[in-house]
């Protein structure tokens, strides 16, 4: 069995992956949102489910909230609820894509009233961050246009910068703004922050507390994502990851499901660039469990990240550097692939057992009865989804 | 002003483009369905709106229905309603993607009960077709899987053929089955009918009354769609078009909006292959007006198809053939582009005026007061969308 | 260490992967063909290099030839040369893309003289096949057009069918024609056989001895290739593979290098569909070692195919079927991924040692001195490339 | 006939599009470089051909050179030759992709000797610029790697910055450095400057005389190129265009041939952002006439740019802004499309005739006899291609 060195184990010890509260609610496509028994009805239940993921893996110490989906009357109470369950509240995600006012834009809108409303929403998010103890305000800009000519892309870009400056100015000293980019959807002609270059240019104009968020599903087909990881780390602007995977568009599948080797390459660049266990670079999931069970889907996800991190740490970087220096293409690639093809799963099972965890978290969760319990308990009410 | 020859005008005279009833209801993305005032609440109102499109253009003589969204108690009554408004009921579209039973498949499902339910749904559609006088049963197979290993793709393909055979056997003598293919969505790993080859192989095994439906938004990036049009016409299996356009995925934008030159090339191949005004090849729209007004959106669409048809008919095919024979690449391309760049709009405006239509149907509709009337009248009830 | 069952080992015993002679010559991009010391100067030297790959792996018993690049005066002599080195001559690949006459087409050309010349070239290839003992005539149709309007796609398709019929009629009883498809390149607007559907329609019209060749690098971005493998096996028309890999277009990288999980999924479908060790389905490589060493590049490639085949054979198909039947998405995917993540390399090293091979063929080849020997010996003459 | 306003005509009067000397030489794919009679054998003949394009269009006043392909003994003499023919020498393009030393990199190479050689090559280019009177040094970075692990992407990026700084420091006061980006090819895994973000980050670190070059064929599928144009103009870093078009990859087809509407959108953003007739933004072509005639191919190209510029200038920007302000999606799009669909060709033919040019430059060139003259004269010698 492949053993993992003390250094690698120590590094893995420090890994934490933030879970999105919305992954525990229902999600789907424009065609249909299928439901699952036991789906949470409120933020408290979502956090309870997220805590299960952490309980079985010790990999998921925090939960990201989405406002307004996770609005509660008393955030201090929600925070205590989380802490009682062994997790903390993490990133606050704003939402400017579900109000009728935002049909044609929010932070980029030409109508000052609507734009101010969107800015105010972010001020509210910052207030919530103070109550939840969250550091990061994540802005995914769903804005854009569907038809050429519909909007003035340049003016929208300028208004975006102005809006972001106002939001940035409201941040506390320890708080950050992370700006996500996305290739397309829900807008189908232009998106106001479609690529890392735009996100970078926008946040660079704000200041040190503004960073880029890289969602692994938000790129054009064929994009070399690990290159972007490298570049953003080099520029000091990689603030966070939204991990997921995709075969086609923004499929939001389980991280590592579609192209495990790509995930390996991405995490290797994180390691190489000093982004692992670096507080500046947050690891988060952003996935949709449209048809699979949600809690085990999240357990599978954090295990995938951990396993791939272990493989990335196994790369013999001295041997790699030597082969690179020698222009020995096949040898360098072989060093790289050797780590990828190494089966780290038994060693990680041991690692878990040494920490009092089940060797197989998926089986342990299935055997725990939690799923049938919530399916039985959570009857009535409205299952949480993207509208709540 | 460019004039259109009597031959071209006569050809255009015969053109009819079927409208989808659902284009008049609300639609959106997985993130949000925005609403518009005046949206129909039932199939009768959808047909009334569709009839407006025809009234202003004489290009849209029929309306496709979607079952169960357009279920009514009395299809004969709906048919009379349509005919009173000057349109007919066209293609019946089945739906096997919105019932909880169909979460993992319908016509391909391994569970015989569910598969039979899906087959029975198509039997019901055929019954409706007899009542509505519809010729075509269109099957869009939304089925597939999200994760490698989730399904047995081969067994699903075999079950699909069996299901289709049962449906095919139920068709009346004058009825047809058209099988649509789609690259991806709502399934994100594999789709059971992902490409024209699969649709072709499936319908070829059924018989002469089974044809392929080509939706212009259902291909991989970069696909040469007009080549597929050519090939399906050559193989005698092009049954119908779903026209729309896209920049990225299945964006369902107004036909011709994203790449007008592609639409030109597609229609040119239709002309070249004898598919224009050929009853075997149905022209339909399948679009989503997520943010734009719906009735004018449909008017714009049929005008786009008509204008592009006029341009395609303008290609000097003798000159084209001569340049092709001479291997004169630039000359052949020039003949082709000359037709595309010709402004046919004034001639078509005249054509409309000669038929008692407004020269500018968009302006005429806007001036008609219909939009404000339905906005005022259609208060209360539930606006139609993809669930109804 | 993971052990491989006797059944799996026995299956692996039967595996043979055909090498392309041209992989041992120089190749490159339109920008530059870089050279390597020791590159063969003629077909005899190419075969000698190919035999090295087989000597170290016992996985590569045959070599495909490309005509005219591999033309020799005496094919019987070349055959003896191969057999003396322990390999056989395999598929004959025709070439209709490098003669000035073929600038605008060959088997599709409107000029009868040129089309007959292209057909005659295939007759010559069939004659060579009799001399070399080859079964398969592989036709990659590089033809198409660069500009809309340049060619009559429909007429070209009809002429193609006519040409293929003439070639097909010349085949011996034991010979086959395999028709490759390719998304684009060298033509940039339309390609005459761009997709599996076209290849399938063309060969289905010929007869049982005509099959489709699937090159893994010849698809649109995002295409689910294993689905096509499944479909062609289902239709009885998968004649052969050209293995390689790509990140972008037809990159012709080492098989498994860009997306190992995709290779796993492809081979799993081959296994599931009965295509493994099935004489009807030929495994071939078609790669370009533009910057890496050629012989070790080929060794790496056949090892990649073998390793991935072992992983595909490890899939617990009973457990997979059970999870599929239960609609347990995560369990089914887990069964699938478990095989992929299993490290089969130590077991295959043992397998090799039991057969008298070196455990590590890459290292053994490097230590053999062959590379330095050919670098020293092959001085003068013209290194082989795509022109010879 | 659509008339063009005095303002538009005056704007068009100022338009100049630089031609690439290499467009007059042979080019092709990795499979074949086809030849054409009359192809230039040296830089003098290339410039003579380029001057023909200008003579018939008055749109192409300068010619870009490529070093070493266009090396001559006496650049002053070449400059006089150009000026005698009515054109000037423009951008100098460096080449670091055809020397055996550059197989694994040039400006990014880990070997100091090779990197210095590449830097020195750019110093030589700057010297040539002084002799030719050129302002811009264009660097297309063809460097990258084919296999994961092959290179250290981060270290290469840092070395690139260092190399560029050295080159930048050598620039004269009136000279600029423009850095081109490209999605892929000739490297197939990673490219050192793959996207506008990387080019922007690199040149922003250099200074005001460093700008980004946008080649319209160098993006991932689906990329909204006009958005990038907008953004680079907004950031003050759009230095130049390489115009061409593509259906698939970097096809290098005639500008406007593949997607004329995209070209319209791009030029509209240039107009909107103040980039038209702005000396900071150079318009250049970079195309390959693989199968079509070269001089008429270039004439067609500059006409395409001029025609599309005229259409972009026709957009009623007040009406557009009003529709945008009203959130009238269809009206805004209609204003946009109205300009695109307007046939400006007759007005431009008149414009030409008023300036003493032939109404139809393609026909006039064909009738001029130049093509048959060079076909007859240029016998012997070696036709120019990408190697010279």
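Letters are used for the chains, namely A, B, C and D, taken in the order the chains are written, and counting of residues starts over at 1 for each.
What we mean here is this: a residue touches a chain if its C-beta (ideal position, glycine included) is under 8 Å from a C-beta of that chain, and two chains touch if they have at least 3 such contacts.
Source: prediction; values computed, not measured.
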Problem set entry | Of A-C and B-C, pair with higher C-beta contact tally | B-C
For this session: Find the geometric centre of each of chain A and chain C from their Cα atoms only, then give the gap between the two centres in Å, rounded to an integer.
Result: 40
Problem set entry | Inter-centroid spacing, chain D versus chain C (mean Cα positions, whole Å) | 38
For this session: Give me the residues of chain C that touch two or more other chains.
Result: 103-104, 146-148, 183-184, 189, 221-222, 224, 247-248, 257, 261, 291-292, 329-330, 333-334, 337
Exercise. Chain adjacency by touch: line, ring, star, complete or other shape?
Worked result: complete
Problem set entry | Interfacial residue positions of chain A with respect to chain C in the complex | 2, 221-222, 224, 247-248, 257, 259-262, 291-293, 296-297, 300, 307, 329-330, 333-334, 337, 340-343, 345, 362
Exercise. In their shared complex, at which residues does chain A touch chain B?
Worked result: 27-32, 34-35, 97-98, 100, 103-104, 142, 146-148, 183-186, 188-189, 221, 246-249, 251, 253-254, 257-258, 290-292, 386
Seminar exercise, completed: Given the complex, residues on chain D that touch chain A span 103-104, 110, 145-154, 157-158, 183-184, 189-191, 194-198, 200-201, 219-224, 226-228, 230-231, 233-235, 261, 265, 269, 272-273, 320-321, 323-325, 327, 329-330, 332-333, 335-337
